[in-house]
Amino acid sequence: MVHRSAWKALLALAMTAGLLASAGACGSNGGEATTDANGKPIVKIMITRWSTDIPMKDMAWTKDIEAACDCTVQWEDLADSAWGQQKSAKLAAGELADASIFAFDPGDALRYDYFENLTPHMKAMPNVKKFLDTNQSAKKMVANKDGSVFVLPSDRSKNYRVSTNHILINKKWMDKLGLSMPKTWDDLTNVLEAFKTRDPNGNGKADEIPFNMNRLDTGGFTLWNPFVFLNSTGITTSFAGTSPAAQGYYVKHGKVGSFLVAPEYRQVIDYLHSLMVKGLIPKDAMTRDDAAITAAKTGDGKTAKSGMIVGWSKTDFEKLKDEYVPMPVPKATASMSDSDVTWDYTQDLTELSNHAIAVSKNAKNKDALYKAINAMYSEKVSVQQYYGTIPKDVADNGNGKYRVSDTCYDNDPKTNCTAIADRFAGWIPDHANVENDQAAEALHEADVAYTQNLANVDPIKDVMPSYVRIDSEADQTTMSNNNTAILSYALGQTAKWIQNGVNDKDWQDYLKKLEDPSLGLNKNIGIWQKYYDEYTKDAK
Amino acid sequence: MSGSIPAVAPAKPRGLKATLPSVSRYWQLWLLSIPALFFVGLFAYVPMWGIQLAFRRFEPSKGITGGRWMGLHYFRQFFSSPMFADIMKNTFTISLSTLVMGFISPIVLALLINQLGSSRVKGFVQMITYMPHFISTVVIVAMISIFLNPGNGLLGRFLGDTSLLGNPAWFAPIYWITEVWQHTGWNCIIYLAALSSVNTALYEAAKIDGAGRLQLIRYVDVPTILPTCGILLIMNMGSVLSVGFEKVYLMQNALNAGASEVISTYTYKIGILGSQFEYSTAIGLFNTLTVQYTDQFRLPGAGQLHFEADLQHQHFLKGDCHVSIT
Amino acid sequence: MSASLESSQTAIPLGHGGALTEGEVSAAVHGVSGIPMNPKVRMHRSFSDWVVDIAIWTIVALAVAAILYPLWFIVIASFSDPKLVASGQITFIPRGITLKGYATIFHDARIWRGYENTLLYTFAGTLLNMVVTIPVAFALSRREFRARHLIMFLFTFTMFFGGGLIPSYLLYRQLGILNSAWVFILPGAVSVYNVIIARSFFDTSLPEELFDAAQLDGMSYLGYFVRIELPLSSAIIAVIALYYFVGHWNDYFTGLIYVTDTQKWPLQNVLQQILLANQTQTSTAASGAQEAKEIAEQIKYGVIIVSTLPLLVMYPFLQRYFNKGVMIGAVKG
């Protein structure tokens, strides 16, 4: 009994193993076709996206691209999480699609010898040429010193020429309590204290969170972190994307520095600590989960809980958005001159991207590919890439006027507008007018409050322009190794001090440690200064 | 067991001469080993030439072997990093405490479950304790955060007005306690299997001789699982430096960063975010070399190169893979 | 069973392959306790047994409670208002019940495809795993097989060193298994960890007398392996199978790195995509982003239920094998 069935099982297993082995051996396929069944050239384009729940090929507007290039586009959709893992392996395998969207930046192109210099092919892509001629900032972000361009930028138009960071405060509460817009940090403290003690949401519970602050990241200064208050002291921040502000670098009057060792930084820490002591920032602000922060912003959709946040726009509050208004940044002290107060300058980084699309040297059907790319940078396809298909999702009213359909906002999967938003490779020119882009409208409304502050910022002398790049790989390596150590130490101390306060001795020790050559802070500042001077010498 | 002489027992063959007859004598054993040797050779040894990435510049267009030879450059870079000492200390603290507690707890649980009389209760307890193994790290960390919330968390409300997650001294304990919580039930399965081979007659004999419950455990159960304990301890020692990346990374915040920066999170920040593949390979290799050095049994566990890819791989080896939804 | 097997003495597995007789064990018990046998002491013992019993039951009950609560929390969090969950207002009873999370998960047609793929990869993968692992573990457990030292060294070496992601990717590409079901099955065919566990079980849990007896019967290694060793080792086979099975079931990294064709994705990757799609807003409608994010919080808990239920259902069936003393019955039978 026992042995018969056992033998049978063994035999079955052996056969399975044999099957597996033989089938595994014949998996490889030969050369891949470069034309489809109708003889049209095939172009392979890879795109990295947050998620790939709706494949590119299912987006109706992609047919416009195929019509323009008279080719078949084979889309390869990759989630960011997958790309992060696959990038090195695919580079090593030399396995690049004909074109890659949002996968390589100009630094990659310099480092890895796989990409086609597109400058000589501009004739084949008149839309791209026009774009780069029109928008000099965009061109500078991608062009190398010898004029070569390996990666094309993208531009989502003046609708997004705004700062990414805004302070939003509950106007309804202020009105109810008879408070006016704070002008200084002291004013702000008073407003926040009133939020805490006077039950502005009127539910009889002391559940108000006066300043619903984001926690500090361990890797650097991310979007919407509380150190935008540095602008109150005259240090202009740029907390977005690839800006070196994420690692603590800033520019003032043409000089690069690190705010981690600036007295103004301590001023902000002291201020945040004073808010913490008074219970105006949640006690667990440094450890809270993101979900808890979000829940405190949107509440139950009826009763607001947050007094103030640093965020994107009032849309952060969902159904409660009408209670909030943007707040110009208050001065650190009453004696400061208004002209010394600045605001976070991330205009270029919000509007432009420097890694939209790169072409592989080994692409088979380059002519068709350039036609496809040219089509992508045409106004109509750009609008569709960003917002959705015309006419289903976006109405084309002629003369460069478009209107995004309301159905794009009703959060119903059936009517969802299928587009790739900021992952688009395209150019929406300033003369195009896209209406009903609710995100952009809310952003603009938020940005207007900072007009005065922003007027005090010189986009070249007080900001690291987005086109300043560290070209040398050695410098890049030094930079990132030093930064990891510097930030790990500095952010830990900062979080501790916001929580517990800082005395002079601790601060002096901290400065001494950061300025020690072993951490390389001054070396990094020197590197940035070098490239800043090099890239801005014509502009100044 | 010394009485009978196996018909095929070798007369201790020595040296090279013995190899050939040994193959023919044991051809059946070779036959049983060949599939495994094939797969290990193909999928573990063939890719091993990639180790040289730690000593070369990554120049993919020239292939992995084409980059400039850098020698120990990337290793020196790591040793001279101002964070080196802290990272090593943190890594050891977290992994050793997890190793020790994670080793003891399944043994205790298995012995306890084995003592439960009713097989229905046994099954129930086993089933319940096995379940947490399948919870994704993301959710574990979310629950830690919710339960430790100082305002209204189930535990946090009794622990002062700041979260334990912000206290560097508590980072390692929270880490290992939740690891023990999550994996004890799963890890005790192997011990239960070992205990299942105890001769029930042995219990009866011991009982007749008047042995109490504790003595039964001490003299029957413990010796039964001892070999398994030994093997698992040795294999787990190998992973002494590989602390799970995902969980540490998700539990990390600026307040506890001093105690929570470990080799894998550092590698992530510097290597992946900064695109320094060579550097992260070197740190990964250092990680595994240290393991070998510190492991006197030369029977290491799942220390591996490349933190993220192999993180998964190594969990897989351990049969210790989670639902990893990030 | 053959006569010679019956003639071998009933052996008790104990430490390093050695076996003690019943007599020796009771001697050991006496020796250490050093208490002479008399009724008084036995009564005393049963009182202490009673104490021990209570202690055991208390500890186990506490452990079960400490585990049940968070499990219960996951269940209620998967259909309670995500805002209340995140702000810590859900403790024991679900509130603000909404099935949006599950609706979003099951609205996605890919999930069934994912289940199908996962079942295929898991069953085929585990089958191959067992075919490869158990035989080699047996071979390596034979002390007289001198090559076992070399093989063990070669195996354990791979637990230290691996080439890493890039060369593996290149290898799979060479083999043509990228983007196919094979990549889920072949590369993980052997887990050295599991081989060692199985080997040590064979090494220590089966009495050598069994082998001696089989030898006298004229059995070959293959015969002994298939007819004696396998039927007596259902406990370890069940454990190893469970390890592999769960490993395949939860494997999402393979899909993430080596498979771009979403039609071939296993359940874990599909669930991850559903979660990601809700965590981030890809269309223009930025105003819906927060709401989607909140649903994502719910999905986070829901996917655990969706992906784990089949494993929970399966467990009791396997449990049978490692819960009973298989060996003794078999020897006597």
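As written, the chains take the letters A, B and C, and residue 1 is the first residue of each chain.
Note that in this section a contact is a pair of C-beta atoms (placed from the backbone, for glycine too) under 8 Å apart; a residue touches a chain by one contact, two chains touch by 3 or more.
Values in this document were obtained by computation on a predicted structure and should not be read as measured data.
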Chain pair showing more contacts of the two, A-B and A-C: A-C
Core chain by centroid distance, with centroids computed from Cα atoms only: B
Separation of subunit B from subunit C, taking each centre as the mean of its C-alpha atoms, in whole Å: 14
Intercentroid distance (Cα basis), subunit B paired with subunit A, Å: 37
Cα-centroid distance, subunit A relative to subunit C, in whole angstrom: 41
Contacts with two or more other chains, residues of subunit A listed in rising order: 17, 81, 85, 88, 92-93, 289, 291-292
Where subunit B touches two or more other chains at once, by residue number: 35, 64, 142, 146, 149, 151, 277, 308-309, 326
Contacts with 2+ other chains: residues of subunit C: 85-88, 131-132, 165-166, 168, 170, 186, 253, 257, 272
In the complex with subunit C, residue positions of subunit A that touch it: 2-3, 6-7, 10, 13-14, 16-17, 20, 23-24, 26-29, 49-55, 76-79, 81-82, 85-86, 88-90, 92-93, 95, 289, 291-292, 294-300, 315-316, 318, 386-388, 404, 408-411, 413, 416-421, 423, 437-439, 442
List of subunit A residues in touch with subunit B within their complex: 17, 81, 84-85, 88, 91-94, 108, 111-114, 215-219, 283-284, 286-289, 291-292, 476-477, 480-481, 484-485, 488, 491-492, 494-496, 499, 518-519
Sites on subunit B touched by subunit A in the complex: 35, 58-61, 63-64, 77, 81-83, 142, 145-146, 149-151, 161-163, 165-166, 252-258, 261, 266, 269-270, 272-277, 279, 308-309, 326
Touch list for subunit C against partner subunit A, complex: 82-88, 107-108, 124, 127-128, 130-132, 165-166, 168-170, 173-177, 180, 182, 185-186, 223, 226-227, 230-231, 253, 256-257, 260, 262, 272-274, 276-277, 279-294, 297
